[in-house]
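Below you'll find a set of structures to go through.
After this come two complexes, each holding subunit A, first together with subunit B and then together with subunit C.
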Partner chain A sequence: MKRVQGRTAVLLASVASVALVAGAASAQTVKMGIPTFLTGAGAPAFGIPAKEGVELIIRGINNGELPAPYNSVGLAGRKIEPLIYDEAGGGTKQVTELRNKVQKDGVDLVVGYISSGTCAAVARVAEEVKVLTLMTVCGTPRVFEELVKKPKYLFRTMSHGTGNNTGAARYIAAKHPELLKDGFIGLNQNYAWGQDSWRDFSLAMKIVAPDVKPARKQQFPKLFSGQYGSEISALLRAKPKVVHSSFWGGDLEAFIAQANARGLFKRKTFILTVGETVAYRLGRKFPEGQIIGTRGPYGMYAVGIDTPLNNWFQKEYRKTYGYPPAQPTYQYAQGILGAKYAYDKAMKDNGGKFPTTDQVIKALEGATYTSLAGTVRMALSNGHQAVTEDRWGVTVWDEKKGEMVVKDVVVFQPECVNPPDGVLSVPWLEGGMQGAKCG
Partner chain B sequence: MDTELLLIILIDGLVYASYLFMVSVGLTVICGVQKILNVTHGSLYAFGAYLCATILIFYAEAGWPGAGAFVIMVLTAIFLGIVFGIIIERGLLRFLYAEDEHIIVLATFAAFLILEDVLLLIWGTNPYIAAEPLALLGQTDIAELPFDNYNLSMIFLSALVAAILWYGLRRTTFGKMLLAVIYDRELSQSMGINVTKIFLLTFMVGSFLGALGGAYQAPAISVQPGIGVEVIVLAFAVVVIGGMGSIPGALIGSLVVGVARAAAVHLEPVLELFVIYMIMAIVLIVRPQGLFAPAKARKI
Partner chain C sequence: MTKYMDQTGWALTLGLAVLIVVNFFIPEWFRAILLLSLARGSVALGLLVLWRCGLISFGHALFYGFGAYTVALIVKYLGITDVFLTVACGVVVAGGFAWILGFLLRRYRGIFFALLNLAFSMILYGVLAKLESLGSTDGISLEQTTYLWYEPEGAANKTTLFFFAAVMTWAVAMAVHHYLRSTLGYMTTAVRENEIRLEYLGYSAERAIHVKYTISGLVGGFGGAIAAMTIGHVDPDSMAYWPISGDFVFIAILSGTGNVGAPFIGALLYELIRTYAFEQFPGIWQLIMGGTLLLIIMFLPNGLWSLVDRWNQRRKERNRLEARAQEEKA
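For the complex of A and B:
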């Protein structure tokens, strides 16, 4: 019995010492929870490219490889300890995951989230558990317009979906009015993202091209439907030459394969609001002459941004993974750079001492920071919602580079495509985009 | 409604119906003979799509004749039908035939979840795109709209599968033994029919059909995680409408759903998803056993 007790004591002592060492180690790091789709339909187009962007930018930050203004090691001098986990499984599961990451794993902050559904589910919980949370990709404006109107811990480091669809409307109306003489039609997945995208686009079109009418019937196929024969027939029969679509991932890839086989892209011009997510992967199979977006200046639009920071990212990413970085890669890296900016600034404001979470929040609220592809301004929702410029162009295959590129690019400033601070997206669009400044 | 639109709805409906039939017929064959609602059918579809897409990508890179792609699809399905037939039927189901059918559904659901992870282990999360055969057969203009011949060919493939199954069941000794087993398992056994062998062969055929559905669909879709889940839900809807275990039921169920969905897309797109499950709900209310449920022998 004594021997058993002795062994137990040794075991307990070992566990305690390991825990102490681990505790000491984690005190010198910043523990960052990073949800992204590692499995399921969201993984290939968004989750995995996002994870790769995370791995690269954290490597750069932890090794001090990044060019200025991020050429110091870690966040406020402490290395990032990433905890990358799967966003799949729906909102309820992600709420539990967030609680676990905070209460069991003791993360200092969370950077990530792709699905608007997940963001809507965790928004209030992030405030409740008081964890600094930087949402990176999800587009629903509801996060700050309905769910968390007075945020403290919650931020989003890229523009929400409204800016993207407003930019799309402005682009087609300005650059290709001749295509709009028979109106326009929508093909969007039948869930929040698809419906919100169509709503924002059609509302914006009322302002920028008031004489142009949408088709009476819009297509809203089921998410992950995979079969689009009937929809393609309906689009081929429809009069409008312009099709708005917020399709993404496998649905977009399947649609492109089936539409290519029926010559749809030769008869219609598509506005693919997040089409860039599959453009690199499809290569030559991606149709040329289509208008594509990235919800900002990311991926394909960032290729030509000649700054040391972006050049480092492009070069290192292509070297590490063998293909170019797409929009989710940039968007996640942008979130982590937002965290670096805030921690470093908070430390400086704190007299060089490691900052508290409240000090980090204060540093990020309303901040303007340099990202890989331009500047991020935390301009909306009490300084918690970012705006960036929005770029639009037309796809063309670059034989020399051997990859799809964009031409006829128009850059919309954030003030041109986003509502002013304190104004909700839908009323802003319905009210004629009052206060928009397009230079 | 003009006749052109009617014709287009019919063609679109037939294409979608053939897709539904291809993904549901294997499920209904197994259900009819073994009285099992086989959830792993979705995995067979996914394995068929993944394996076929992988081989097709290598095949296209090698620059070999395009027609060989169709041979690859059939061989892939045969291979998977045999392998999974043996693994799932001999390795799992044979231990459960005496159990309640709910237990068997749960067991196949568990196997389905395991196989989903096996897919991830083998192929990872990246999608596979093997669209070359889609362009191979060209286009046909019907009512001034271009239709790709690959999807149209699925109508003929489904008809061929239905005809072979009908012939196999009605005109061959094996088919007659199969019908005897469907009618009364115990009596068939007592008459000397090797029910164990029949079960294994049926499961292999059902698995082959599931894998063939996936293999033939591979060029038209982006093969990626989750495709098996989507398919199994649709296949269940078709099987419920047609009647559990009825091949004509699967055929008619697919046609009803396919044409109704195509009509919805063209006439009132917001009803596209609703229409499938509305038909299922109506059938369940009016004829809960499905439109063509096989007659059940009354045992005394």
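For the complex of A and C:
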């Protein structure tokens, strides 16, 4: 009995000392909670590349390695202490985790979230627990249009999903009207992201190509089904030459393998709205001549953007991980640069002293900041929702570089594919995209 | 001791008192974990009722999901935010479905029973994930809840919800405990031990199972309703997907079937293990959870409650020995 008591005492003492050390270390850092998919279906295509981007950009910020305008050390001079954790497991778990991170671990801000489902679940909680939250990837416009209409702590540092599908519609209508002769058809996973993507795309098509009709029956296979034999047969038989698909991750890889074997990509042109997520992973097996998007100017579209910041990122990423950075890598890094911009600016406005969260929020609201690929403007929802330009092009294999690249790239300005401030996405599309400015 | 208050009854009441007192001393994240433990413990309590008659369900997220979504849909489409009404509806809808499904499921035992439940829960998942009007995979967010005429704001909101959930859970646990001690309740063990003998005694085993299944559904729906209000959001992945059913079985195994209080202790322990595994081992936390389950099955096959049972037995044994020693002395 005595020995057990002794052991318990040692255990308690060590727990206490760990707690003390942890307390001491956090005094002069900014604690950043970073949720991303570390396990499950979202990990290979989104979560892990995102985490790699985060680790690289935080290393750059903490060591002061980044080129201008981010060449100072840390956030407002304090190093980032990242707490990267798993986004898997659904909304309930993420709401609990967000509370844990804020109320137990005392994070100063949260940067991350990939799934729209998670974003919808945590949006109100972030406001409730008053933690500065920069959503990085999730696409659902509902976050600010329905759930948190007057955000204070909540931001999103990339365009929401509507802009991407509007861009897709504009691209196909302008560059390849000949392909649309027989209409177009959809192949989307049967869940919120797939349903929203198809709705936005078909609404946008009604406006940019009013004479073109969608096929009578769309394909909505179930999420993570992995077998697409019957869908491929249906698409081969269908008349339209253009297929819209918001497939991603493992489902997209499986679909490409099965469709390649049956020659589907030779007979149809696909618009893969987030196809770039698997293009580098598949390498040569990714079909050429397909229209792919990245929900902005990220990944493959950022390859050629010649700024010192982007060159540093491309070079260091390829050096560290041995392959090129894809869209989630850029999108997460963009969120962290948003935090860096806001902290640094708030410190400047605060006379060089470390800013409060309220000051950081004020600095980020409605701001325009330089990201790796182009400029981010916090233009919508009271300056809490970002817009960026949207790029579209066609895949082609570059023999010399040994990787997939894009050609025939068209750059759409943010005003061209996003609703103006104060206008909701679906009504904007249904009302004929009033106020869209395409220079 | 009265008819309603035996040792367990007093322990549950003491537990309720402790919860109400600690509420004022705990950080908010821990209160959220306690709330979730009450909700998930309730579903595990539903499993316990079935388990006592030797049945296990791999799909109890079905009733959890029904409870949670009923609350969310009532708030969304009818604009009713009163918790007494929404929770009652959640419980009734889940219990009603359990009663309907009971006509089919009461005819099955063992693995067939377990997997049929799984099948039904995945049908619910499929429907929820596909229908945009039910929020699809993005789910539905709940508005602020109200309590009759009382509309708490800010911090009071969480405390009120916590008190409400604690008191209601106490009532549910008491009711289930009382049921298990009734004649009908004791039939659970009889069903497990020898169904044919039970039938010869003049009882219908199928009807006994049907009643238990309905109770199990009612309690599961209650858990789901509390969870929906705790989280403020429902989505199919966290309410109806099969790993959620797995969580409930995990909690049931962890707690053991010895007492109606056990599932709540088990649920709290489960939440705590998960929280710390998640924090310390972000990439392999599932492995820690699986390892824990394995250890429990190997070393405490009857769950945590077997520790209490063992302690009780040892105490009885000691009392007996002491009594005998005194007798001999006399």
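The criterion applied here is as follows: the second predicted complex is superposed on the first by the 416 of 439 C-alpha atoms of A that agree within 3 Å, B and C clash if a C-alpha of one lies under 4 Å from a C-alpha of the other, contacts with A are read in each partner's own complex, and residues count from 1 in each chain.
Assume a residue touches a chain if its C-beta (ideal position, glycine included) is under 8 Å from a C-beta of that chain, and two chains touch if they have at least 3 such contacts.
Nothing here was measured: the structure is a model prediction, and the numbers come from that model.
**Student:** Specify the outcome, clash or fit, for subunit B and subunit C once both structures are aligned onto subunit A.
**Tutor:** Verdict on subunit A: subunit B and subunit C fit.
**Student:** Figure out whether A:190 sits in contact with subunit B (first) or subunit C (second), or with both, or with neither.
**Tutor:** In the superposed model, A:190 contacts both subunit B and subunit C.
**Student:** I want to verify one number. Taking the Cα centroids, what angle sits at subunit A between subunit B and subunit C, in steps of 10 degrees?
**Tutor:** Once the structures are overlaid on A, subunit A sees subunit B and subunit C at 50 degrees.
**Student:** Look at A:89 in the shared chain and tell me whether it touches subunit B only, subunit C only, both, or neither; answer first, second, both or neither.
**Tutor:** Touch partner of A:89: subunit C, not subunit B.
**Student:** If we overlay the two complexes on their shared chain A, which of subunit B and subunit C does A:396 touch? Say first, second, both or neither.
**Tutor:** Neither partner.
**Student:** I'd like to know which partner A:222 touches here: subunit B for first, subunit C for second, both or neither.
**Tutor:** A:222 contacts both subunit B and subunit C.
**Student:** Based on the superposed arrangement, let me know which partner A:39 touches: subunit B (first), subunit C (second), both, or neither?
**Tutor:** In the superposed model, A:39 contacts both subunit B and subunit C.
**Student:** Let me test your reading of the model: by the given contact rule, A:424 touches which partner, first (subunit B), second (subunit C), both or neither?
**Tutor:** A:424 sits against neither subunit B nor subunit C.
**Student:** Touching A:142, do we find subunit B (first), subunit C (second), both, or neither?
**Tutor:** Once the two structures are laid over each other on A, A:142 reaches subunit C alone.
**Student:** Subunit B to subunit C: minimum CA distance in the overlay, Å?
**Tutor:** When the complexes share the chain A frame, the smallest subunit B-subunit C C-alpha distance is 5 Å.
**Student:** Based on the A-chain superposition described above, do subunit B and subunit C contact any of the same residues on subunit A, and if so which?
**Tutor:** Touching subunit B and subunit C on subunit A: residues 38-39, 190, 220, 222.
**Student:** What does subunit C use to touch subunit A in their complex?
**Tutor:** Within the complex, subunit C touches subunit A at residues 27-30, 32-33, 36, 126, 129-130, 132, 135-139, 141, 227, 231-235, 237-239, 241, 243-244, 271, 275, 278-279, 282-283, 285-286.
**Student:** Taking the touch rule as given, give the residues of subunit A at its contact with subunit C in the complex, in rising order.
**Tutor:** Residue positions touching the partner: 38-39, 84-86, 89-93, 95-97, 99-100, 102-105, 116-117, 120-121, 123-125, 129, 140, 142, 147, 190-193, 195, 220, 222-223.
**Student:** What part of subunit B is in contact with subunit A in the complex they form?
**Tutor:** Touching subunit A from subunit B are residues 5, 8-9, 11-13, 15-16, 19, 120, 125-127, 129, 131, 134-135, 139, 145-148, 150-151, 217, 219-222, 224-227, 230, 261-262, 265-266, 268-270, 272-273.
**Student:** Which stretch or stretches of subunit A touch subunit B in the complex?
**Tutor:** That would be residues 38-41, 43-45, 47-48, 190, 217-222, 224-227, 229-231, 233-234, 236-237, 249-251, 253-254, 257-258, 260-263, 281-282, 285 of subunit A.
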